[in-house]
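Structure incoming, see below.
Which chain is which? They are A, B, C, D and E, in the order written, and residues in each are numbered from 1.
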């Protein structure tokens, strides 16, 4: 028998929360950005799997994943340029150091 | 589609203008940008009257008169922001003025798409278009550390929240089998997975509207961003997202409102309360308005929870008035900040003695935000509460109203600082540039008059829809 | 019934690799290493797509994600001096917070997913038959009918343009700064 | 144009004119204010006469001078105005207090222009409230009247003015939060099947009655009556929501205290009556006992508290709590006589408390203290002011021939006609307040006006100047006029009351 | 009838106008003018009163058989409560009000005249006359009231004018205190009056005296039909109502324990004391009971009994205190209390109709005579004070030569009050004793003793002033007789006292012809079996006083040393004032008002402040949530999502 569809979803869920963990626990901004990529990929897996196994008639999930990838790229680019900007000013990219603005 | 097409054209022209004459004659290119956008705004009003199709791209893109109205509204708001930003763009932000206009317009396009989307994909793209360039706008003030910090916080949270949101959308897709709103509406039922997807989705959009607990970026970003951008973020972006949210709930989740009504109930209560509680202690006016805008977002959501046509009408009306009101406040803040660099509430002590007009406009804005008649804010608040009350949400309305007391308290703190407190070193008398002046006058007139112009509300109400 | 069919084994391997590299990505103390692990994760995900017969998507995943984004990140890491060697020390409190969120969240989501009850049985082979033709993808992206995505495609182009302009605007050093 | 709209238009025009005047021309502004105030007074006097004449001809319609213009069609919100005897009385009261307030403010030197602008806004709210027949506009004007208080107290007040202003504003806004929910509840629940909701008070009342007659569900009244009543009750200084009043009044500038205690607090009573009780008579009747207890406490409690205060304004503020408590108390007795008495008490209290505050302001302006322990024997130094004070005091403690007596006696006699023993016992409790009132009034009179001169510096103080005399004598004249010839007023008010009183079991 | 009806309004309007004119414009007038104006106008009013009373009694138009009719000369609706309850301002003429008109106008006119001399040169002369007019207006309005509420209205006005007169010397602490005390005590009593009215009107649905005093078949129909059988806490409601009304009267008439204000009220100018606190206002309570007498008599006889006991107690109580006072006005004040209590007793022991109503007649008769001689006594005292500039007995003595007219008139009054024939007091007092004797022996015994005591303290006063011996330091200024405008009223009132007494003695004049409980005249005779012992008691009192005080000897001190304790108690008025002071200061102010004020500031207001404090504090305390760490934001974000999911999914 084939493995159940659920296992794919659970895989993506785990990946998602690995990403969440990374976002919360990592030290510097770039690691955090990488965690975000994990989260986006988790969602992508969901789309693809749902498209393939449950609603294979149309390519919706597939296309969605494509767009997510494209947008992720743009997002990453902007995020990195901002991080570089932060680095220029603070000379480090420690997540703890960007808390001038608070309360 | 006219709105979008025209906006894209304007964007390209702005880009070209910046590229060609931007370096030599900054002022001209800026004035050209503003002029182009103004033309777009006016044209859009024309197109709204001669309106025909309700959808394009086979349901990917939906529109209606209320959509058009909201887009026009956003246009007006953006015009005002441009007016305020002019001084900043011609002084501090000289080198990136062209980018400012282009990026702002691209986020505006994103909002258009967000509002008009008929599919979660387009919605997602619209949302990202509205938020990723926004991050660069926030970071535009490179001389200030805060700007970069605010942008970093914004982009990371935005990325995170969009991840959460598409994870939720993927679940909705997995249960409903489509990403078109009408398809979801047909297939949505109370599976846990669907509801979970919905919650994830609400979290994603809640980030945009800055609902608690997805709001924590708001204050930091507002404070760090250039003031014009903050103004833009707090009214245009928020208003568009709120309207889009309502449209989606109406279109995609209308057959099972129980699923989100209770969620929204709690979110509203918490949002209003937390926004208010946090606003009390603020000394920085931009940060202060950030929290105020969080609680205002809670009030806006009352229209959503009503879910009726009246809910939508009052939501749009509220957003409209909130836009003018908040922009008036930001107009003052940005003028003062541009010229003196001061944004703290303590710096405003005795403002009335040196800058009576500014103080009065600020006061009107505060009263309107607090929902004091006869200013426009009262009407919008009243109607949105009515919309919620119509659905029997009396307890919610009551809690929201109790919160208005707290909000009134901190709005009055500003009034108190300006009028009652005396300062040893009050702000000097400030000469406002003409552009901002025009903007402020428009806002002031709207604050004073909009509540009394009932046809406006009727206009909106006739075009609104609920489930 | 046979559980250990070829495709199942491949899935298990891929899943294990994805999770493993994912965990390594977020726990590795050296940032460059974690970028590498990220690359592997994305690579494995591409494998997953391949297994599901989405070649184009897999290719995009590899080229854009693994090839583009990760490289971008690596550039950034290298650009930001001395970061690669920095020892990553996770602060206990944040780690605990992250763990709590991750564990509670994954248990919640997993239980919801398991309880949902997707199709009880299906034949993967049947589904695999439909490969996605490049033409179909092209038509889907460029069409204006239902389930066709011209508008998002155009919109994303605006987004990319805006992002490029924005990134440049904030990443370049201003002339005034140099003075 | 409808004569009633003048009450809003005249102040608006005045605002516009003053707005255009240079703030340095203080005497010009004062002149404008006096003329405008006088115009308002004339308008209300003319209205009263017209009203009485029209009433002779048309005794059936509930409201006269009605006019209605659609405003927000979606909700059936109209700008609709109209008056019955009660509103006319309140308008008259407002006009008197406003014009005297203007005269009292003549001595104001600081930011005169702004002061009068806010003052006018306050009076627009007050007038608008009394002429409105539409719940929405009523509420709108209600809040319009509240907010100027903040700046008026905060900017021109004395003592811990910022704290008081904030407290007052927030508490009153808290009240209006209750009120707003109440209004929504009334609006949505009174909609008859298959038709539109309405904000018009008369129509709502008719709808509710029809609903009841058709056996419809009126249980909602039991939720929204308390909300509405408390909402207005806050402004009416109902125990335990009265604490804004002492601080607020103590800190407010004279004319503002006058207008606030004299008129604005009446909005509370008027609203309780016009909105809460008129629109939800069944709940009102069943839940009255709760509020009778609360207001009964107000009456006695305010009086007792006043006995030991040392600040003149605090004394008067607590006395207002007591007297306004009596207003609500009488309204809750739900019969025509008691309710007429309540409205009379509003008018009477409005006049005499305005007089009190005016005089306190004048005394304070001279002695620079309001502590009764630091004053004494002022009668010898400023006889006119002090005689006026004594008269105000006598009016307050219910001396026949002055308005307070008429009102109180109508209340007591009326309220005592209630067949229920519980009510009558509370009336007796209420009666006891007249003794306590005498105690604190005489305490003040004895302490500061009589006796030997306490502070030698006070001996050189001057007596009232012309505008102060105008203000004080005007108010005294009104008080005495009502006190001596109350019949016309009582009949005029009674006519309006009847429409509401008939909804209650023992109403007529 | 029409003639009287057209005249009657002026009785009220003229004094009111005088009050307004003098009050508003008095400042601009020369004192003398205002005095003359006031007196003249009041003279006209007096003439009107006399004329009305004369017409009423003697024209015969108002009599059916030998019964006087109640006539309403005018009745104007003043305030309408509802269909039944109407407050009118009117003029009710019946024997009772006619007598009162005479009393009031006479005394008041005399006081007006007297004050011209006495108040001469005082600051606020005009004010004095204004208030005097106000008082006259109020008092006249009170006695002609057509309904109980009109009575209440004027009742209050009387109270306030009393307040104003007592506080005439407002710069004196003691005067202010006395005025406050008087007002608050009477106000306290008025509250009961009001409640009584409320209860009565609640059942009978009328305020009007007409129905309320209409006797049919031994019942006051309207009261009996509506109130009989209704009880509250076991007491018949009618008794409660009329008792409460009596309490109102007790306050004004200074019955124990509400008497404390009257002695202090002597701080006012002496003419005011003469008018208000001796002759007119203080008898308002008596008048009130007399007015409602049918109700008391038929519907609440037990209350009448209580009234008798209270009266009896008050009379002896006040008389005892009077014996120990040294301030001459205070002696007179206590004497007044005692005498008014006498009248109350008379009402209390009276029945209704014919000879049974002897007490009623006697009460009114005593009211009349007492008003005359007590006003005389006060004015004489005023003349003395005027002469020696002191109220204290120690500052007086041996004045009979220096103040001859005062001396003679004072003596006449003393004899009258001591009940020595043929002065008027004898006859009225005698009838009271007779009435008491026939109804209640205990009360009679007390009253009999009081009669003796009265004679004693009055003559103690008389001797201490006019004999005894000059004060130790002599007089600063040689005392001399007062001017004519002061002595004329003395002589006039003395003449009235003598003439009424003598004409009664010779049977030329019988009070019973004019006033009786049922307004029908009846015949009575002097009961010598009671009268002689009472004269005896009076004589004994006088003799003791003569023995002690005729000459300056050590006897008084010696006498006091025998009864030191009781003397001190009596001197200190049995410490009733102190008890009141304790109650008001320590209990009402300290234990009620202060805690309430504290409660208000700290609990109620504190609660509001607490709310704002909590809000602010919460705001401050929660600022760590907004920590500035983007990761924490994400954590809150995701935890929020998870929480909402957990809350909204169906587990």
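Simple rule for what comes next: contacts are C-beta pairs under 8 Å (C-beta built on N, C-alpha and C of every residue); 3 or more make two chains touch, one makes a residue touch a chain.
This one's a predicted model, so the numbers in the text were calculated from it and none came from an experiment.
By the document's definition of touch, common neighbours of chain D and chain E comprise B. If chain D is removed from consideration, the chains that remain stay connected by touching as one piece. Look at the CA centroids: the one farthest from the centroid of chain E belongs to C.
For the interfaces B-D and A-B, the C-beta contact count is higher for A-B. Among the chains, the centre nearest to the mean of all shown protein C-alpha atoms is found for D. Computed from the mean C-alpha positions, the centre of chain B lies at a distance of 77 Å from the centre of chain E.
Chain C and chain D, compared by their mean Cα positions, are separated by 69 Å. Note: centroid distance chain A to chain C, computed from Cα atoms, is 6 Å. Averaging C-alpha coordinates per chain places the centre of chain B 31 Å away from that of chain C. Within chain B, contacts with two or more other chains are made by residues 121, 125, 128, 132-133, 135-136, 139, 142, 151-153, 156, 160, 164, 174, 192, 196, 219-220, 281, 409. With touch defined as above, residues shared between interfaces to two or more other chains in chain E number as follows: 612, 623, 626, 628, 630-632, 634-635, 638-639, 641, 645, 649. Multi-chain contact residues of chain D (touching two or more other chains) are listed as 170.
Inter-chain contacts, as defined above, occur between A-B, A-C, A-E, B-C, B-D, B-E, C-E, D-E.
Note for the complex: chain C touches chain B at residues 108-109, 112-113, 115-116, 118, 144-146, 148-152, 155-156, 158-159, 161-163, 165-167, 169-170, 174-177.
Interface of chain B with chain C (complex): residues 8, 11, 15, 56-61, 95-96, 99, 102-103, 106-107, 109-110, 113, 119, 121-122, 125-126, 128-129, 132-133, 135-137, 139-140, 142-143, 151, 174-175, 180, 191-193, 196. Only residues 20, 23-26, 32, 95-96, 98-103 of chain A touch chain E when the two sit together in their complex. Interface residues of chain D, counted against chain E in their complex, comprise 167, 170-171, 239-240, 242-244, 246-247, 301, 304-305, 307-309, 336-337, 377, 379-380, 394, 397-401, 405-406, 409-410, 412-414, 416-417, 424, 427-428, 431-432, 434-435, 438-439, 442-443, 446, 449-453, 486-487, 490-491, 494. Of all the residues in chain B, the ones that touch chain A in their complex are 120-121, 124-125, 128, 132-133, 135-136, 139, 142, 145-146, 148-153, 155-156, 158-160, 162-164, 166-167, 169-171, 173-174, 177-179, 219-220, 223-224, 281, 287.
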